[in-house]
Amino acid sequence: MAMFEVKELTKYFGGLAALSDLDLEVEAGEIRGIIGPNGAGKTTLFNVISGVYRPTSGEIIYQGKKISGLITSKIAGMGVVRTFQRTALFHKFTVMGNVLVARHLQAKGGLFRTIFGTNRQIDIEHEEKALKIIDFMGLSDLKNELADNLPHGHQRSLGVAMALAAGPKMIMLDEPVTGMDPTETKHMTDLIRKVRDEWEMTILLVEHDMKVVMGLCDKITVLNFGKKLADGLPEEIQENSDVIEAYLGGEEVAELLGE
Amino acid sequence: MKKKGFLKSLVPMTTMVSLVVALSIMTVPTTQAAETINIGFLAALSGPDAGWGLPGITGNQIFIDRVNAEGGLLVGGKRYKLKMYAFDDEATGSKALQGARQLVLEHDVKFISAIGGTPADATHPFLSKKKVFYATLISTDIMPDRPYLIGGGDVTPRIDMLRPWYHKFNNPNLKRWAVTSQDETIGRTCQAWEVGSAIAEGWDVVYDKHFSLETTDFAPVVTAILATKPDVVSLNLTWPDYVTLIIEQLYLQGFKGIISGNYIDTESVLQKVPAEYMEATKSANSFPLFDDPWWGEPSWQHEFIKEWNAKYGPGAPGDVHRKITGIDWDHMIMLMVWAHGAQLAGTFDPDKILEALRAAKSIPTILGPAVMYGKEMWGIDNMVSPPIPIAEVKADCKCKRIQAHIKFEEWFEARKDTIIKVVKDKGQYFDQRK
Amino acid sequence: MELTTFVQTIANSVVAGSIYATVAVGLALAFGVMQMANHAHGEFFMLGAYVVYVFYALGGMPFPLAVLAAIPTIAIIGLLTERLIFRPTRGNVLAGFMATAGLTWVLQTAAGRIWGLAFMKMIPTPYMGAANIAGAQIGWQRVLIIPAACILLGLLWFFLHRVRWGKALRACAQDPEAAALQGISINKMTALAMGIAGAYAGVAGALLAPIHAVTPYMGRDLLITAFIVVIVGGMSSIEGAVLAAFLLGFIHTFVTTIFDATSAVMVGVAFMAIILIVKPTGLMGRVKA
Amino acid sequence: MSVLPFFAREYYVEILIIFLINVILVTSYRLIATTGDWTLCHVVLMGAGAYASALMAKHFGWPFWMTMPLAGAAAGLVGLGIVYPLLRTVGFGFFIASLAIGEFIRLVWIKFHTPFGGPRGMINIPYLGELGPIDFYEAIPYYFMTLMITSGCVFIMYRIDRSRIGNTFKVIYEDDILAESIGIRVGRYRSFAFVLGSFFAGIAGALLAHRLSAIDPHQFGLDEMVYLLVWVVVGGTATFAGPVIGVAVMTFLFEWTRPLLAWRPLFFGAILIGFLIFLPGGLESLIPKFTFWNKKQKTT
């Protein structure tokens, strides 16, 4: 059975359904792209999975455990962490500070130790681990910079770095390359692939940039008006008539075909 | 480096503290002219309780000005000018203690006028240690372990005990006595004494509760009182503002019996209910008017009113934008007693003053000749006890007129056993309040 | 509880409810528009009473006129508060609240110094005598408050739902950004809201002046009640505030009659805590308090 | 700090004692505020500590070194008791709800004459006895004891502020959704900060109670709370030192303005308004301009 399953997930806001009877199965180590026209319910899906919203009905199962209905921090604790569409950072903290805080779940040491810093060893390890992630995201030379002062691209990477620091097994990236120039995008795409390969991470990816999606994802799920439209390998999706239908009228068709 | 961070954050702290102290040291102690005696006024001068503090200053000042006009207070053949220092305790214990310390340590005051309550509780250990007189209005703060705390300028709870007698005396056929007052330090004690006396005088006490200080609408309170069908509604020492509102409700909800209280501020009550009603209810209380012809002419009381209006009345230099109240002279009574004591003793030594006062057959106060009394009530003879005026509201003059002027001591001696028993049952006897 | 006592208590409750409602709607309205949390609202109420004292008791103006006079006077004070305190601190609700807490001290002290500080101000009752309802006696002065409150609340409802500016105000309360996009000037709206808030607090104080102890500190007792009403009603919801006001009016009055006012306030707070636990948005609120 | 009392006159030593107690109060207040929760019942929680210590000392005759930490614990427990409904609210709702609930606690003291003594409060709270030749009733010994306790509390709170926990508090203030998403139990940490702050407030309360030997509900009323706000606002809360600066400056101003008598509340009200409008950062916001530790507060 799959590592991560969504069963007949439905979420109503007031009268209208943002998600209806959505089913989803993700295998361990897979990069799953989730696309769809604006307002298709992609971000809502992330919010429901990460526990920001409670589902109206249906359930979410992760490694055989039901996580739907738990609070966000619990879900994160179980290893499902998400990033945000907005650039969500602790702006008053340095890059290092951000990642250190993000390692919250890994941080060891009892109350007394933490307060009086009696056990430097723990702190040192803590910082080394954080540094590793920072290096990995290629931010090492900025580690003492205030998050606020970073260029946009780096801020996005820091966002991912923080998600990684939380020590997840599955990570949900909400438009990681928005507002990036081609080189930054390239860099980020490689990073995401590396994350999967080197960290054995399962990845859910919501992204508008079809080049990225098609290039990166093993499988793609298409949403439209909260319903699943199609499900399959990138090339299948590109041929799928319903999908083209859904994107028709929108200039996104070209985008979809990756031109 | 974290250590250093901490030290750094200590820098401003320390600098600030040194600033505080430095400046406080710089402020030089007030230089004493040899023949000046300082007295303190320690009460709420701002905030909601200021109504009990601020007015007291005027009365004391009038007395001080008189004394100084005569060249000072004649003690042991030497004249001493009086000077008053005021400190705002905001009716909180901590600030009162701070104030007591400032007045004693900085101004070396020999006598402090105060209101009483928690400020008294917080200050007495310090003041007893320093042997400084602390005079509260109401006698309920007097305790054996507070030798220099004297009280009683305000005649509660003695008036509250005499009113049941007074009304019984005038209306022997009435039976049902209802009493209420605000739920606070003094209210509980004074009401206990009143209930005791009411029982001693043969009343059935049908309502004996306190309304809380949070009360803003008295309709429900009065509704509850009238549900007990009382002949007399006594307000004990309910504060004047509340008295007015309660009497209004009694009038509106159609109460026909007798209204009785410690302090009925006639003028403001008559804004709310017709004078005829007040006369019909024989509403009796203890705060006399000093322009009452009853005092006779010339009299210190009439003088006082004139002086007050000249100094603080409308258009006067120190206009306080209000009418004279009982508080304006309530504090002064205690100051007069202390000054007289010093003159009798021929010294400002507190123990000698107490001795002299207790020995004195009659101490002049603005309410008439007083004696030191109260051993059975408070465990120590530190209660100043002048004769107690009972005034009723009259429709013709729309004012209070004194009906009787009663010596408390004999009356109490005759009934004390019954009364004290009740007070003890209600856990309000001095040795029960620890 | 006998019937007359019961009727009496019901009547007292309605009066209390009317007062709470008149005071609280202003608070809720101001909070709804750009989150202006006015700690000095109780002092507006107090100043309203002093207007009556000055114009009616001292100036000899007829009581109804004095009450009307309170409306513009306190409205202006409301406007000033908005301009001098809420506008500079806009976007930081706590700053606004704390600054108005400072204003509370300023107004209380000023009132005390200007009009003297001893016992309550003497204000003759304009309409002595009492109405007899099923054996219960309610003073005309109190009876008067009920229709007055109805009219005031009715007017407010009409203004908010039928008048262009009122609708704008509601739009602004629901979603300031959207309102701003529609070309509604936020500054105008905040000013308007504070004006109304002041007017209503003022007129409530004015109506109450003859039956309330008029002192510089009469507002403070009301403040916590008013805020409890607003929270229970659902922060920025006017209708909720009115509903909560009458609920609390009944709770307070009945508990006061049966026990005492301390318990009444305690029960009120407990009521609020329960509402917060079971329905954090308040009775009719949309946003979490 | 340690030599001051020998130069200052006794009255000012007393002021310093109260000042030190207030330092604990503001510092613990800031500790809670770092999570973004500004409360209006902090002084009431101080009162809870004061009452607890007084009760234990009076009825069980326990010594101060026992009652003080227990008073802190008691205040912490009260905090724990009230934090649950409070957590249902955020920002302003929290602020007002805490006001109402604090009022509730005060009314409990007023309502229940046993054991709290009702409106009169508690009297004859035992003073600290002698320790060999030292009589703690005297100002200077009490001053040094308070100084020690205060530095102890302040040091602990400073370490917390600098520790990972302190940072967690701050990030919750900055972006609680993000904090939650990386696995921080926001609710728990908010409660933790609140209870911790209550604990230290309780200690301050114990120190006050045994200095006064008499406390009443009025002592912990809303006005006192607004004074606390004045200190915090005047000092600022961004840095650890801010509130301490505030309380120091205001303590001085408070003595300085005594001659104003009845006018003082107006004066302090004006100060509060002025700072919030013209210097929202408080006095501390002036300091970085000309000293070294502006870097410090960045690198958390």
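By written order: A, B, C and D. Residues from 1 in each chain.
In the analysis below, contacts are C-beta pairs under 8 Å (C-beta built on N, C-alpha and C of every residue); 3 or more make two chains touch, one makes a residue touch a chain.
Remember, it's a predicted structure, so these values are computed and weren't measured experimentally.
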Which of B-D and B-C has more C-beta contact pairs: B-D
Centre distance in Å when chain A and chain B are each reduced to the mean of their C-alpha atoms: 73
Distance between chain centroids, defined by C-alpha means - chain B, chain D (Å): 34
Separation of mean Cα positions, chain C and chain A [Å, integer]: 49
Per-residue overlap in chain C, given as positions that touch at least 2 other chains: 109, 112, 117, 220, 262-263, 265
Residues within chain D bordering two or more other chains: 107, 110, 159, 262-265
Shared-contact residues (touching 2 or more other chains) in chain A: 117
Arrangement of touching chains [line / ring / star / complete / other]: other
Interchain contacts (touch definition) - all pairs: A-D, B-C, B-D, C-D
Chain B contact footprint on chain C (complex, rising order): 1-2, 5, 8-9, 12, 15-16, 57, 109, 112, 114-120, 122-125, 128-130, 137-139, 142, 210-213, 215, 217-218, 220-222, 253, 256-258, 260-265
Contact footprint of chain D on chain C as seen in their complex: 35, 37, 85, 88-89, 92-95, 97-99, 101-106, 108-110, 112-113, 117, 220, 224, 227-228, 231, 235, 262-263, 265-266, 269-270, 272-273, 276-277, 280, 288-289
Complex contacts: residues of chain B adjacent to chain D: 2, 5-6, 8-14, 16-21, 23-25, 29, 45-47, 50, 54, 86-88, 90-94, 97-98, 101-102, 105-106, 117-118, 121-122, 125, 183-185, 188, 212-214, 433-434
Chain C-facing residues of chain D, complex: 38, 84-85, 88-93, 95-97, 99-101, 103-104, 107-108, 110-111, 222, 226, 229-230, 233, 262-266, 268-273, 276-277, 280
Residues of chain B that touch chain C when the two form their complex: 46-48, 50-51, 54-55, 183, 209-217, 219-221, 223-224, 227, 240-242, 244-245, 248-249, 252-254, 265, 267-268, 271-274, 320-323, 325, 327
